[in-house]
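Working notes, structure below.
Naming follows writing order (A, B, C and D), and every chain is counted from residue 1.
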Amino acid sequence: MENSFGKLFTITSFGESHSRCVGIIVDGCPAGLPITEEDIQREVNKRKPGIGMIATARVEEDKVEILSGIFNGHTTGAPVCLLIWNKDVDSSEYERIRFLPRPGHADYTAFMKYGGFNDFRGGGRFSGRITATFVMAGAIAKKLLNLISVEVLAHTIEIGGIKAKPRGVDEIKENVDKNPLRCADPKAAEEMSRAIEKVKEEGDSLGGIIEGIALNVPVGLGEPVFDTLEGDLAKALFAIPAIKGVEFGSGFSAAGKRGSENNDPFTIKNGKIVTVTNNAGGILGGISNGMPIVVRVAIKPTSSIAKSQETVNLKNMESASLEVKGRHDVCIVPRAVAVVESMMEVTLCDFAMRAGLIPEVIK
Amino acid sequence: MENSFGKLFTITSFGESHSRCVGIIVDGCPAGLPITEEDIQREVNKRKPGIGMIATARVEEDKVEILSGIFNGHTTGAPVCLLIWNKDVDSSEYERIRFLPRPGHADYTAFMKYGGFNDFRGGGRFSGRITATFVMAGAIAKKLLNLISVEVLAHTIEIGGIKAKPRGVDEIKENVDKNPLRCADPKAAEEMSRAIEKVKEEGDSLGGIIEGIALNVPVGLGEPVFDTLEGDLAKALFAIPAIKGVEFGSGFSAAGKRGSENNDPFTIKNGKIVTVTNNAGGILGGISNGMPIVVRVAIKPTSSIAKSQETVNLKNMESASLEVKGRHDVCIVPRAVAVVESMMEVTLCDFAMRAGLIPEVIK
Amino acid sequence: MENSFGKLFTITSFGESHSRCVGIIVDGCPAGLPITEEDIQREVNKRKPGIGMIATARVEEDKVEILSGIFNGHTTGAPVCLLIWNKDVDSSEYERIRFLPRPGHADYTAFMKYGGFNDFRGGGRFSGRITATFVMAGAIAKKLLNLISVEVLAHTIEIGGIKAKPRGVDEIKENVDKNPLRCADPKAAEEMSRAIEKVKEEGDSLGGIIEGIALNVPVGLGEPVFDTLEGDLAKALFAIPAIKGVEFGSGFSAAGKRGSENNDPFTIKNGKIVTVTNNAGGILGGISNGMPIVVRVAIKPTSSIAKSQETVNLKNMESASLEVKGRHDVCIVPRAVAVVESMMEVTLCDFAMRAGLIPEVIK
Amino acid sequence: MENSFGKLFTITSFGESHSRCVGIIVDGCPAGLPITEEDIQREVNKRKPGIGMIATARVEEDKVEILSGIFNGHTTGAPVCLLIWNKDVDSSEYERIRFLPRPGHADYTAFMKYGGFNDFRGGGRFSGRITATFVMAGAIAKKLLNLISVEVLAHTIEIGGIKAKPRGVDEIKENVDKNPLRCADPKAAEEMSRAIEKVKEEGDSLGGIIEGIALNVPVGLGEPVFDTLEGDLAKALFAIPAIKGVEFGSGFSAAGKRGSENNDPFTIKNGKIVTVTNNAGGILGGISNGMPIVVRVAIKPTSSIAKSQETVNLKNMESASLEVKGRHDVCIVPRAVAVVESMMEVTLCDFAMRAGLIPEVIK
């Protein structure tokens, strides 16, 4: 079940970068949810590379197809199978570097773990392309969360050391789709673009930070001690290739604060208990406290770079140097925004179902 | 199964701070492992508050008892039940603040989620005391990991903004037990002590950062795409109260680096493939690459503080102010070091079993 | 997780026949359920051997203790740990036959699987005593099922070839506690007693059949295709030692019927859809149909018998003959009745929770 | 995860009778296993209706396609997605009886559970067609079991009350493919054929019994107390529509035997411990004992029959009569033989992996 996630709302991912398709099974989705291929397509499109400056090598239409579980425009209660056919598949470059593991990439560990039988073409199972399947599942989770008014959004807050200015939720919603960087601070977005342009020319790559926010999350999601909201969100997010850090609320900066600074005082607003600040990122004791859930993920710079790197030839165990050809994403951060959103949605949907907030049949 | 963790090496935690005991079931431990109450006691003792300056209110002997699964000094293959009786239980203070949730604590979310039926005494299920059960499980995992030469160590690298100087693994091993802060940099440890002393007088608290390192981890642990090594380690670590961030290798700092800086070049050393640097923290594509696994966790300052704080009375929904009496840990970081170590051990042990590296019977 | 069962209402069993205790963790029980040690004790007492003729060697008080998860007479939402201490433990006979596996018993397979490290005393983990832990869990499940009016009863319908006459549900409820055989047909019960008496003198043993019935089960429990109601009930029931067959409704006799005989026609009764007959045993397509759930389990004759049997000495691999001394149950059927009831309750409770019929907090 | 089965070798089934396809994900299959579409096709073909007398309405080629997880003729370690497209789909008859649940079928429970959103066409998710996906998974499990010499076979032993004479394993292997009834007793097979012919003319249906046998199963498979070999096999088998009973070894007949008759004495044969008889069906204490695993399943007569039956119109809650048109299987027993075999293979493969008998990489 290593390719499954979620206890009641369970997703099972399959497919490799150059296999016939990539797809996902969504098991446990209540019956009666109205959903169309277009609903899912819309979300998958958010993962597309931005027009213009941020190019990926592979331009596929990524057309979503529903194979099962949806009938007459509604979920049936049976597992939903969604897939995207792989079409644009030139494997020649991968044959060339098959035994030259790219530094920072899963080439080496996959080769070792699967005894060289892994489908190495395009990174195989370790390709960012797999995350398109996460977004398909997220599209269904999003619909279910809408029923209980939960809304998830994600945005780029840092690329290549350039930080976006903090913005309010409304501004984030308004701005995030306005630039291909998916950054709510237009000025920072421009700088990020320039940084990416520059690094691209140098044959190098950049990382960054994405922030995910979940609004209107009811109090009580999370099942401690092990199935905490932080724990399962983190697990879901670490499934996204290149994520190397996850923090909630004040996160790592909490380490340097005092309790009197970091504790969020309780108060009453509109007859409801809220906290004055949100250093907890909406989670106390692994359970949502009704405040926005705030998570930030660190994304390392893309490992595939044009610059020459030192590696080892797995065939003859000799040192070798490697230049990865083809056009890889210089920075995957903007494209990963939709994926972060989706994995948050999948996780929150599962917890909402565990808390009994979503019925077995949607009417 | 929300209180269970691990697929083949499964731990199930139970008990509240003031219930009759806290305990853990270890299910899936191979038969034939030699283990005694002393072996487990030794690890649990590491979680004890340091002599002198860092006091906790509660002084119990925390004596480990084996109830099942171990016979003639060896595991039987049946579930191992380990527990510690709760003895020193003064609940009066908790009765007083029962309806006054402590800011930053799980009081509020637990009250809401469990409809006020939660055992609020001593924080109940959300007490740091529960982590003693994690350490008992870790003691068994440690023994199993030893069979395949895997060694896990954790140490304090920051408290209250005071950072320890980076040290080599040997120095960490040597120094970590020498001061109650479990910090490998003796000078920083002294400063940390003073900072804790000072903050204690002010009725406040401090957080910090712990680093965990796993040595000699074989290549190939981790089961992507969802059961990644990072994902499951993070999930395990977020079960420790007060942890708000988890990062691997260069972690959040990777966000500001270039691929050419952050990628770890492969090379050959003693006939084995290694990486020159370890920005990946020993994990590529969710799978161990044979380098040390390096994880850092951010621990927020203890939420229970003596200083007056603003809260809401859950009974009458009126604003209230709260001063938490009793002697709480000013800083739990030093005590959490053993817990971080244990949760890493439990997770790695589960993955080692999933990879078939630990036999069903130890001979 | 091999010692855990149930997805949302999860039980984790531990303990061996001669370890310090046998116990169970119930995880996922909603908060607020009123329950006392007496409630659980009452159910455990049903598993006691009958006064008089049907003796077991071991007479313990089997006193239930609650260690966690229940506070002020209500569940807290935290895992409930229940145990019974083992007191009356004479292991000498087991030392004698340690390497002489009893035919029909788990001695041989346990020895082989656990490399001889298994706790062989009293059958260890394979003792019928472990089922006392199932009954403790069942007592909690029973309380939860009561909230939705589901009632489970079990009764002996055959022992040693003597079959009870079919009785209506009311008669079963009335009669089952009136004789130590837990048989609703008093005349058959008398014959069964005599048969047991006779076989006991011959140093032999008897098996039988138990029927379990669940009343008022709402339509819709069961999660096909794999988590069917039949499948999970069967899995739960096969955890009871000595059960070798499970059938629902007309069961094996359906194999010889025609569709027109075996299909249960639908009709309307009191404004509700019901079936005229109940050959389906209340389950269609793995989902409850609102009719009583009817399951029958075949229990093999007790394997431990006084008569001389052929076996092999595991130490020297030579043929040997074995007479099991001590007083074993001649027929465990009557005592297993409460266990069948409990495992049905645990399973149905889990499915009721999965269907969202039992809230997270009981008010 | 209700559509997933297996802990390490996990299958996830999807698709409805008239959705675009039916398919299965096999997750956890070791890398390096050589397998082709032909290997899987061969097994799926065994599920086809026999030539001549035993017709099913639907004649599809049932062509297996591999979508992922297999590369260069070997498994990659990534999830294997296998599917069969649905082509021959006339839904008109199902539209007609949409609100007239067929007695004995899942129509009613599916309608109620999924609020009428279930895909009712062709029985939707409850169609026997779904079992084709089980056979695809079984084909992979079979290959893995072959590596450790485990062989599974199933055969018809009873149809419509006509019992096959007991045959030895060699004879079963030789005869089972020789007649469309998959019965090792040619004479009984002929009688069964005639019985089916006759019942078909009457617009009725027949049930029967299938026996499954697993040979060369090593001692030690099964993970008590809950993941017993009987329990998981039973759960797997009850996923096959129409199965209403499962028994192992002497099964229900054990209920009438004495211990001295039913216990299987141990003896030594060719230096190995074996049992003289096999009333245990190869399983003691939920663990394989090295003898053949013998299981029998009761299959009820097909619920869809041409004869007029009483039902209720779900739309207006009025009594109605129903004649199911179209050509349904009069008796599914022969076609279910391959499915029983497959579900046994899937279960045994999972247990073999849990016992560490199948490596992560096949070389």
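Here are a few things to note about the model shown:
Note that a contact is a pair of C-beta atoms (placed from the backbone, for glycine too) under 8 Å apart; a residue touches a chain by one contact, two chains touch by 3 or more.
Please read all numbers here as calculations on a predicted model, not as lab measurements.
For A-C, the equivalent interface within B-D, B-C or A-B is the one where over half of the contact pairs agree by residue number, namely B-D. The interface with the greater number of C-beta contacts, when C-D is set against B-D, is C-D.
Once the centre of each chain is set as its mean CA position, chain A and chain D turn out to be 39 Å apart.
Measuring from the averaged C-alpha position of chain C to that of chain D gives a distance of 27 Å. Taking each chain's centre as the average of its CA atoms, chain B and chain D sit 46 Å apart. Among the residues of chain D, those in touch with two or more other chains are 1-4, 7, 13, 110, 113, 125, 220, 360. Remark: chain B residues 7-8, 220, 354-356, 359-360 touch chain D in the complex. Remark: chain D residues 1-4, 6-7, 10, 12-16, 19-23, 25, 27-28, 31-32, 65-69, 71, 74-81, 83, 110, 113-115, 117-119, 121, 124-125, 360-363 touch chain A in the complex.
Residue ranges on chain C touching chain D, taken from their complex, read 1-5, 7, 13, 101-106, 108-110, 112-113, 125-126, 130, 158, 160-161, 199, 204-209, 219-220, 222-228, 230-232, 234-239, 241, 243-268, 271, 273, 275-276, 279-281, 284-289, 298-305, 307, 309-312, 314, 317-319.
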